[in-house]
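First, the structure itself, so that you have it in front of you.
A, B, C and D label the chains in the order they appear, each numbered from 1.
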Amino acid sequence: MSRNLEDLKGILPPIPTPFDRRGSFARDRLRDNFRVWNRHALAGFVVLGSNGEGVLLSSEERLDVLRAAREDIPETRWMIAGTGCPSTRETVELTRHAARIGADAALVLPPSYYRGRMTREALVRHYAAVGDASEIPVLIYNMPACTGIDLDAGTIAAVAAHPNVVGIKDSGGDVVKMGAIVGSLGSEFRVFAGSAGFLLPALAVGAVGGVLALANIAPAECLAIYDHFVNGRAVEAAELQRRMIPVNTAVTSRWGVAGLKAAMDILGWEGGPVRAPLVDLTPPEVEELASILELGGLEKEEEGGR
Amino acid sequence: MSRNLEDLKGILPPIPTPFDRRGSFARDRLRDNFRVWNRHALAGFVVLGSNGEGVLLSSEERLDVLRAAREDIPETRWMIAGTGCPSTRETVELTRHAARIGADAALVLPPSYYRGRMTREALVRHYAAVGDASEIPVLIYNMPACTGIDLDAGTIAAVAAHPNVVGIKDSGGDVVKMGAIVGSLGSEFRVFAGSAGFLLPALAVGAVGGVLALANIAPAECLAIYDHFVNGRAVEAAELQRRMIPVNTAVTSRWGVAGLKAAMDILGWEGGPVRAPLVDLTPPEVEELASILELGGLEKEEEGGR
Amino acid sequence: MSRNLEDLKGILPPIPTPFDRRGSFARDRLRDNFRVWNRHALAGFVVLGSNGEGVLLSSEERLDVLRAAREDIPETRWMIAGTGCPSTRETVELTRHAARIGADAALVLPPSYYRGRMTREALVRHYAAVGDASEIPVLIYNMPACTGIDLDAGTIAAVAAHPNVVGIKDSGGDVVKMGAIVGSLGSEFRVFAGSAGFLLPALAVGAVGGVLALANIAPAECLAIYDHFVNGRAVEAAELQRRMIPVNTAVTSRWGVAGLKAAMDILGWEGGPVRAPLVDLTPPEVEELASILELGGLEKEEEGGR
Amino acid sequence: MSRNLEDLKGILPPIPTPFDRRGSFARDRLRDNFRVWNRHALAGFVVLGSNGEGVLLSSEERLDVLRAAREDIPETRWMIAGTGCPSTRETVELTRHAARIGADAALVLPPSYYRGRMTREALVRHYAAVGDASEIPVLIYNMPACTGIDLDAGTIAAVAAHPNVVGIKDSGGDVVKMGAIVGSLGSEFRVFAGSAGFLLPALAVGAVGGVLALANIAPAECLAIYDHFVNGRAVEAAELQRRMIPVNTAVTSRWGVAGLKAAMDILGWEGGPVRAPLVDLTPPEVEELASILELGGLEKEEEGGR
């Protein structure tokens, strides 16, 4: 099913991949999480993004997670699969698999190991190869904190010239660049804030939504910032945005996936352990995190579903 | 006269220092510029900031420029003097001079030559020494592109604990940090966007205005973004913000002061040459700049005053 | 067979993986290259390093290349396998496979995708897990240009506390750090220069050799620098070192693997195409490269074996 | 007196400027230090470099320090004055003053406040203006840790095309670049290691000496590394080089001028306080520094002169 790209907007969490005690994908825990996420007006979900520990999974595990997610994500919502791999051919292959499993779009990191050689031309070729081969639309995933590559506006425009490259999740936090992209490519090119810390400022310059780690644990708050903005409630939007910054920092730049999973555990979701080389939070860190969540006003959801 | 800090908000250009052909301060050209600036609802002016080539002036020249500016700036508007110097003692001295000349506030760069040793403690001591000695309130000037120091939110909060440190001009562009500062220090701590590229997103998270190079040549547009935001016209604000990005880039990160002065010449202000080691734009660069200004919709102001 | 670590010294090329026209591993081309390399007094070879495009190969291809290399590398020389993968478990697995195939040591990159969380503790745990599981000794591979992580001396010392971590290939070029490592860990910890640009300075502070892309195409010259140094011919060593810098830059930081493979083609080895997202040199780039090689005094080896 | 540039080699300390308790230049303390330095075979001295806190002195103080140094430095040794200022005109002026006072050469930092605009052309013009105006030869001072500008080999070559630009003090630590510079400009262009951490590797690739903070407190050791190298004692040179690394780090990158001055106090020289915004070491830091000095084998010089 091909979706209407105009509907690609709003808030989407990049979901974590839960593991069991032996470190294997815990399919049931994922289902438990979806049961709660699906009660919120989330536009969709990103599977196998950075928070999904996609790069730490084997090829088989990736397909397992994608299949499980597709079962749990209602047809009415977007399922976006992270399919970026070090080589172009592997990226093409995983993107095709994801489409076959039912993903509605692919989120593709720039290959980054040989970053010194990832010229504009190399990146245009890479995304063109993926875009050509993919039955589903492709979103660029700019994630400088992980890739060491911060795609500039000119490169993004060059890559976006491909008809199947339809948008970007930008986690770099440079709102000037986001504004410049919307300014030059128009609003049909879908720009998403890549972190809740700058959701509101990104919306202010023309982003259409956010793919936000924070939306995993604070879907209501992230949706409220979006709604406040859309409905012209600038003061409320700003207040809530500011309140979310320390919480968001804790589960992103400070403690990363381990922080996000610990926060899920604290708030009643299924978080669980991370996979090595990532390291779980220590008990004192968990305690500090709990205070940050409390200060940010985040509470356990009530229902027993989790 | 001590001003009400609550009125410290809105749009302030950091004015360039005009030179004559021999490279000396051209006092009359500055007056010509003020004649036009003063027709706009600018909240005030920053004198001897980065765009004022303050670091390239001799001690005597700095005082000359401050005195001239004070003559031309109406009493009803803020005159903020850039007074940061490499040593604490020289900064104290210049700040006192500026106050005596009539500046309403001082904008103080972190000393940056020994940046590896500019620990939080060193910076707190420096700003405390300046704040103690200064009769006028002090604003922090975070300008990583020039100093190589990007003050973090914790350091800003520590420095801001001094009662005479009342705000910040942040040119770093990290709106998450700006939101965090407003969130932790409250709105009585005055946060200004340091560049027009992120004026609107900064306002969205709680900044009270902007100290903007662009406001020298596009005061009406900068004021309009501010007014659109304050009056809840999000769409108009975003559109104008995006339109200003390429223009702003040209006169800041791309071509700097030389670009700004060339743009002033093109648009009918008194720009003139920069001082070495800065280098004036080449004719082809001036031509490219003119197209960018035109694309951005900037036009010559009509009156002959300039 | 367990080798004597004291013999782990001298010059080792990190070999490229040749592909055929369809992009598959070209086993015969590799054999042709080894036929020539083996005529030189190289101490051994690194297989599946950055120049081997290891991260662009599938799991099966990696094993194919390791097996082929083991066949071609004489028992008297070191075969070191690049086995670093994004996850600890995959790294352990590939290291074990490599040992079974006959590698004499493993060269292990720090996992880098979640670099913000690769604390000293996380890295110590990762290398300890690999060191514990590996039957062959482990060398750290510090490659900041590709990983975005520049291991500091303290982290290297902490990782090296594991008895099975026996040395480092350091491509960062910080000879102060190399000297500090030799100073603190002693010469039984084997430090290798990771690039020919700083081979001589690294030797001067105590490195025992080099793992050098340049040694693929200029084995004689790299060996000569080493021999000049060992035999106290400082002037000759310096002269040859300086002559190799431009050549080395061309096949490393400037053009990377594509440059190295093009140089192999020019000089009569089997270079061939790179795998996407890497991009082959353009004809004008090849021409420029040829001049650089000529200026550096590199010539085709005479024999028809290639 | 014009000196023979071929004699510009060996070890030169960039001397600190001693202050008295009230923070003024302590002329007598400087004389005491020179009394000891002059007993060592140092080739000369750099006055008003980074370790001289030159940027923290007033214009008058700078001339006072230069005059005092000239009195204390024997005619047979080089006196090199740090004369880089933010503007070209001020740099020209200070260079001329230094020449009149008797400096034998000037060491000129690239102007760095507007670093984004310090293109190759801007730097070539700046150094040409200084070189044209200066009666004494000019050395480039590459000091990225303080200026945020790391001059590349191409820019250095372009600047060095001016006949009065005769060498460089390179504190960046990139020995590949140093080798490339010697390779392209020849040994008549005088390359000096800018820090003792990489003295030996720099010599190995063709540097002619070092301008070393460490030489202030360990002149004998720095001279010994140089002599060992010149006389082909590679093992002794390497051993001493490695032993000096932790000591050097303490008085440079870790604690800077404050560390150097504290070390001088510990070892019996006249160190004294630094000028704000620099901060003196705390007592626990002094204690740690003392242990590092002891571990490095540095001891008080015996004579009562200090």
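Note that in this section contacts are C-beta pairs under 8 Å (C-beta built on N, C-alpha and C of every residue); 3 or more make two chains touch, one makes a residue touch a chain.
Every value quoted in this text rests on a predicted model; they were computed, and no experiment measured them.
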Number of steps on the shortest touching-chain route linking chain B and chain C: 2
Farthest chain relative to chain A (centres taken as mean CA coordinates): D
Type of chain C:chain D copy interface by residue overlap (half), same or different: same
Whole-Å gap between the CA centroids of chain B and chain D: 36
For chain A paired with chain D, centre-to-centre distance based on mean C-alpha positions, whole Å: 50
Residues of chain C engaged with two or more neighbouring chains: none
Chain-to-chain touches, reported pairwise for every pair that qualifies: A-B, A-C, B-D, C-D
Residue ranges of chain D touching chain C (in the complex, touch as defined): 173-176, 179-180, 182-183, 195, 197-198, 200-206, 229, 232, 234, 237-238, 241-243, 245-246, 249
Contact footprint of chain C on chain A as seen in their complex: 23, 50, 55-58, 86-90, 111, 113-119, 121-123, 125-126, 129, 145-146, 148, 253, 255-258, 275-279
